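Structures follow.
Next, two complexes with chain A in common: one pairs it with chain B, the other with chain C.
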Partner chain A sequence: MNVSAGSYESNDCLITLEPAAELECIIHSVVKEQFGEQIELVLKQTLAGHNITHVKLVINDKGALDYTIKARLETAIRRMRDLDE
Partner chain B sequence: MTKKPIIFSYKQLPEEIDIHDFKNISFHHHLRNGDTVLNNVLQIYENEHVKKLNLFPSAIFPAYTKILDLLKNNQINGITTNYMNGPVADYLSHQPLPGKITMQTHGGRARRILNNQTTLDIAYIASPYVDPYGNAIGYKGKSVFGSMGYAIADAQKAKIVVLITDKLIDTKLEDPEIDGSYVDYILQVDSIGDTQGIVSGTTQITTNPIGVKIAKQTTSLIKELGLLKNGFSFQSGAGGISLRVTENLKEEMVHLGITASFFSGGITQYHVDMLEAGLVDKLYDVQCFDLAAINSLRKNTNHMPISASVYANPEDPNQVIKDLDIVILGATEIDYDFNVNVTTDSHGKIIGGSGGHSDTASESKVSIIVSPLIRSRIPLIKERVTTITTLGKHIDCLVTERGIAINPKRQDLIDKLSKTNLPLKTIKQLQEEAFKYTKQPKKLKKYDTMIGDIQDRTNKIIDHLYKK
Partner chain C sequence: MSRSFLFLPGNNPGSLQNLDIFNADSIIIDLEDSVTFDTKDEARDLVYHFLSKFMFKTPSIYLRINDISTPFFNDDIDVLDSLEFKGYVLPKATKESVISLSKKTDKSIIALLETPMSLVKSEAIISLKQVDAVLLGAEDLTTAMKIESTVSRQEITYVRSKLALECAAHETLFIDTPYTDKDDLAQLKNDCLQAKILGANAKSIIHPNHVDVVNTVFSPTTHQIANAKRILKKAETHQKGAFNLDGKMIDKPIINRAKNLIAQAKKYQLL
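Showing the complex of A and B:
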C-alpha cells in the first residue's frame, strides 16, 4: 500500500511512499537542473531523521521550498505509520 | 474613393494574389488567442506548398498552430515578431529556422516597417468592420477586438493589403483606423475569430498576499518619488500586480483630489472605470485587453485607438510614451545590472517577448519592475539574465515583497528616497534574501547554437536566442 501527501501545484510537491527492499528516491522536478541535489539531500535527511531505510519515495515537484518538501514528507511518513498500526 | 475587389473565400486567394512570389507576409494579433485569420490564411500556404516564407506576425499566441504545420513542412525561412508563447515558441526553442527568429518591440516593429527597413509584401489584416472602400475599424462588428493599433503600419507599407472581415457594411465609414486608400482586397469570411479570446488569464487583479504587498509598496514608492501629482501619466499593462497598483493609485487619487492626464498601452476595465469616473483625461489604446475596453472605445470620445507608431515609435513625432511619467512592468528575470528578461524562462525556452516592455521602459521617466522574489523556487534575480529583453539602463526600480532596489544609475531617485521608510536594498541583498529560502541554484549549462536576435527599438541587436 502506498501513501501520499502534498499536491502537484506551483510551489508545492506531491510525495508518494511505498514499502521497498531498500531506499530509493525518484525525483521529478521542474527545477531538477538547479535544485535536484538539494531536493535529494532534504528527502534523505528527513527519512534518516525518522529512521526510515526501506522505502520507495517518488516526488513530483513544482518548485517547493525545502521546508515544504520536508513537511510533505513528514505527513506522508505519518500516514504510512498510521496505516501500519 | 473606389470600391475594393472582394474575395469570397480563403481558397480564392491564390487566384487573386501570387502567393508564391510574395514571401514576406504579416498579421496582427489583436484577436489574441481568439484569432482564426492567421491559421486560415496559412492553411492556403500549406495547400499551395509555398516555400521560404518570412512571417511577420506582431505576436504569436498558442492558438496559432498552423505556423507549426508550416514549420514541420519546412515552408518557413524566418519569423519576426514581438512576442510568442505556446507550441510555436516551444518548437522554435528546439528547432532552428533556416533563417532566424527576430524579436522586436511594438515601437521598433512599426519603426522598421515605416522607414522601409522591413519589407512587407502582403499584410493580412483581420478587420471587424469594413466598408466597400476598404476603410476599417476594430471596435464595431461581429468579432470586435477594439484598437487596430498593431496593424496600421502594415496597412500603410505592405505592397498588397488584404482586409479579412466578417462584417462588410454598405455605407462609407467616417474616421476609420485603417485608411481604405492603402487597401487592395477585401476577403469576406463567416468569422474572423472569437472576441472572447482576447481576454487573457493575466488580466485579473491579484489577490495573492505577496502580490498585494508588492502593489502596496509600489504605490508608496510612486508617492515618495513625488510622481503622484495632478496631470501625471501612467501605464500599467494587464499583469495582476500592475492592475492592483492601478487600483491603489485610484484610491490615492480620489483621496488627494487629483487627476491623471493619460493612461497608455493595453487597456482594461480598470482603466475604463477611471476614465468614466473622471480620474484620467485620456486613454491612448493600442490594444484592448477585455470587452469593457472595447465597449468604452465605442462610446467614450476620450478613449482613443492609436497605432503602434504613435504609441511607441521613437521616430514618430506624436509618440505618446515620450510623455509617460510612470510605467509598471513585469520580469521573468532581472540581473545585477537591472537587465530584464521577459522573453525566455530560466531554462532558455521562449515564453514571451518585449511587446511594449522595452519601449515604455526606455521612454518613461520612471520604470518600475514589480515581481515576487521567488517563483516556483526560481529566484527572480540572477547575476546575468538568460536573455536580455530590456537593457538595465532603462530600468529604474525593482519592487519585491521583501524590499525595493533602485538602479544605482538613478542616484536622483536614491537621494529622493533616502529619508523615507521604504525598505531600500541593493539588488544583491534582495538576491541573498531569496537564496535563504531557495538555496543557491546550480548554474545551468550554456547553450551556444544561435537561433535568433533580440532587436532593440533603436535597431541594435542587444542579445541572441540560443537553441535549447
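Showing the complex of A and C:
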C-alpha cells in the first residue's frame, strides 16, 4: 500500500512511497535537467536519515525548493510508518 | 507595533516563500482554517522546514495554530515552538486556553476572539500577561450569534468599541477583523476607517491586495504628523502646564499622543 504527501501545485511536489525490495527513486520534474541531481540528493539524504533502504519513491515536482521536498518526504515517511503500526 | 497582519496558508510553499514581498508588517502563517483536516501534518512539516531554513527580521512572523479542542494543538506547539517566530495566534481563545498555551511557550500570544462567550469575558483574556494583542474574528462571531454580516459592519460596532476600550486599558494591541471582499478596496477603506475611529490599532488581512489600503489607513497622516511636530516644538518652550495652540488647549495627554504619533511615523518611515 502506498502513501503520498504534497501536491501538484506550483512550487510544490507530490511524493509517493511504497515498500519495495530495494531503494528506487523515480523523479518527474519540470526542472529535472537543471536540478535532478540535487533533488535526488535531498531525497536520498532524507531517506538515509530515517534508515530507509527498501522503498520505491516517486516524486512529481513542480519546482519545489529543497525544504519543501524534504518536508513532503518527512510527512510521507511518517504516514507510511503510521500505516505499518 | 504593526498595522497589517496578513494571513497566508501554511500548506502552500509558494505563499510561504514570498511572504516578505507583500509589504505587510506582520504575517500570520495559518495552520487552522486554510488547512484541511487530512493535511494538518503536511502543513506542520512544511512550516517546520520553512522556518528552519529561512529567517526573517521583517515582517514579524506569527503562527495560527489549531485550537485547544483539536488533536493538533499540542503537536503544533511541540513541533514548532523551538523555531524563530514572534508568537502564536490562538483561535477560539478563552482565558483557560491562553493559560494552557502560555505554560508551553514563552512566545507572545495573539488571542483570537471569535465566540460570543470570549467577547463577554474578553477583559479577563486581554489582561493576561502573555497576551500582546487580541484579534476580533467577526465572521465566526456573527455566525454564532445568528446575525447577518453586513457591508456596513454596524453589527460589530459594540464589540469593536468594547475591545478597543479594554485593549487601551491594558496597553494591548487591538487587531480588527479582516474584510472579506478581496476586490472592493473602496469599502475596505471605509471598514478600516470605521475600525480606526473606534480604536482599532491594526487590521488582519486575508488577501495581499488589501495590504496597501490597511497600511495607509493605520499610518499617521501627513496632516497629523505636521500637527504633532508643531505641538512638540511648542511644548519645548512651555515646560510647565498647558498651553494654547490654534485656540486649543494642549496638555500632557495630547503631548504624549503627539510623541506616540511621531514614533509611529518614524517606524513606518514616514519621516
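By definition in this document, the second predicted complex is superposed on the first by the 85 of 85 C-alpha atoms of A that agree within 3 Å, B and C clash if a C-alpha of one lies under 4 Å from a C-alpha of the other, contacts with A are read in each partner's own complex, and residues count from 1 in each chain.
The rule is simple: a contact is a pair of C-beta atoms (placed from the backbone, for glycine too) under 8 Å apart; a residue touches a chain by one contact, two chains touch by 3 or more.
These numbers come from a predicted model, not from an experiment.
Peer 1: Classify the contacts of A:K56 with the two partner chains as first (chain B alone), second (chain C alone), both, or neither.
Peer 2: neither
Peer 1: Report for A:L65: first if it touches chain B alone, second if chain C alone, otherwise both or neither.
Peer 2: In the superposition, A:L65 touches chain B and chain C alike.
Peer 1: Let me test your reading of the model: by the given contact rule, A:K44 touches which partner, first (chain B), second (chain C), both or neither?
Peer 2: neither
Peer 1: Just checking: does A:N11 make contact with chain B only, chain C only, both, or neither of them? Give me first, second, both or neither.
Peer 2: In the superposition, A:N11 contacts both chain B and chain C.
Peer 1: Of the two partner chains, chain B (first) and chain C (second), which one does A:T75 touch, if any: first, second, both, or neither?
Peer 2: second
Peer 1: One more residue to check, A:Q34. First (chain B), second (chain C), both or neither?
Peer 2: A:Q34 contacts chain B only, not chain C.
Peer 1: Return the residues of chain A at which the contacts from chain B and from chain C coincide.
Peer 2: Comparing the two interfaces on chain A, one with chain B and one with chain C, the shared residues are 10-11, 64-66.
Peer 1: Taking the complex as given, what residues does chain A use to touch chain C?
Peer 2: Residue list for chain A touching chain C: 5-6, 9-12, 64-68, 70-72, 74-75, 78-79.
Peer 1: In their shared complex, at which residues does chain A touch chain B?
Peer 2: Touch residues, chain A against chain B: 10-11, 30-31, 33-38, 62-66.
Peer 1: Quick check: in the complex, which residue numbers of chain C touch chain A?
Peer 2: Checking each residue of chain C against chain A gives 12-14, 17, 41-42, 45-46, 48-50, 52-54.
Peer 1: Under the definition above, what is the set of chain B residues touching chain A in their complex?
Peer 2: So the residues of chain B touching chain A come out as 346-347, 374-378, 437-439, 441-442, 444.
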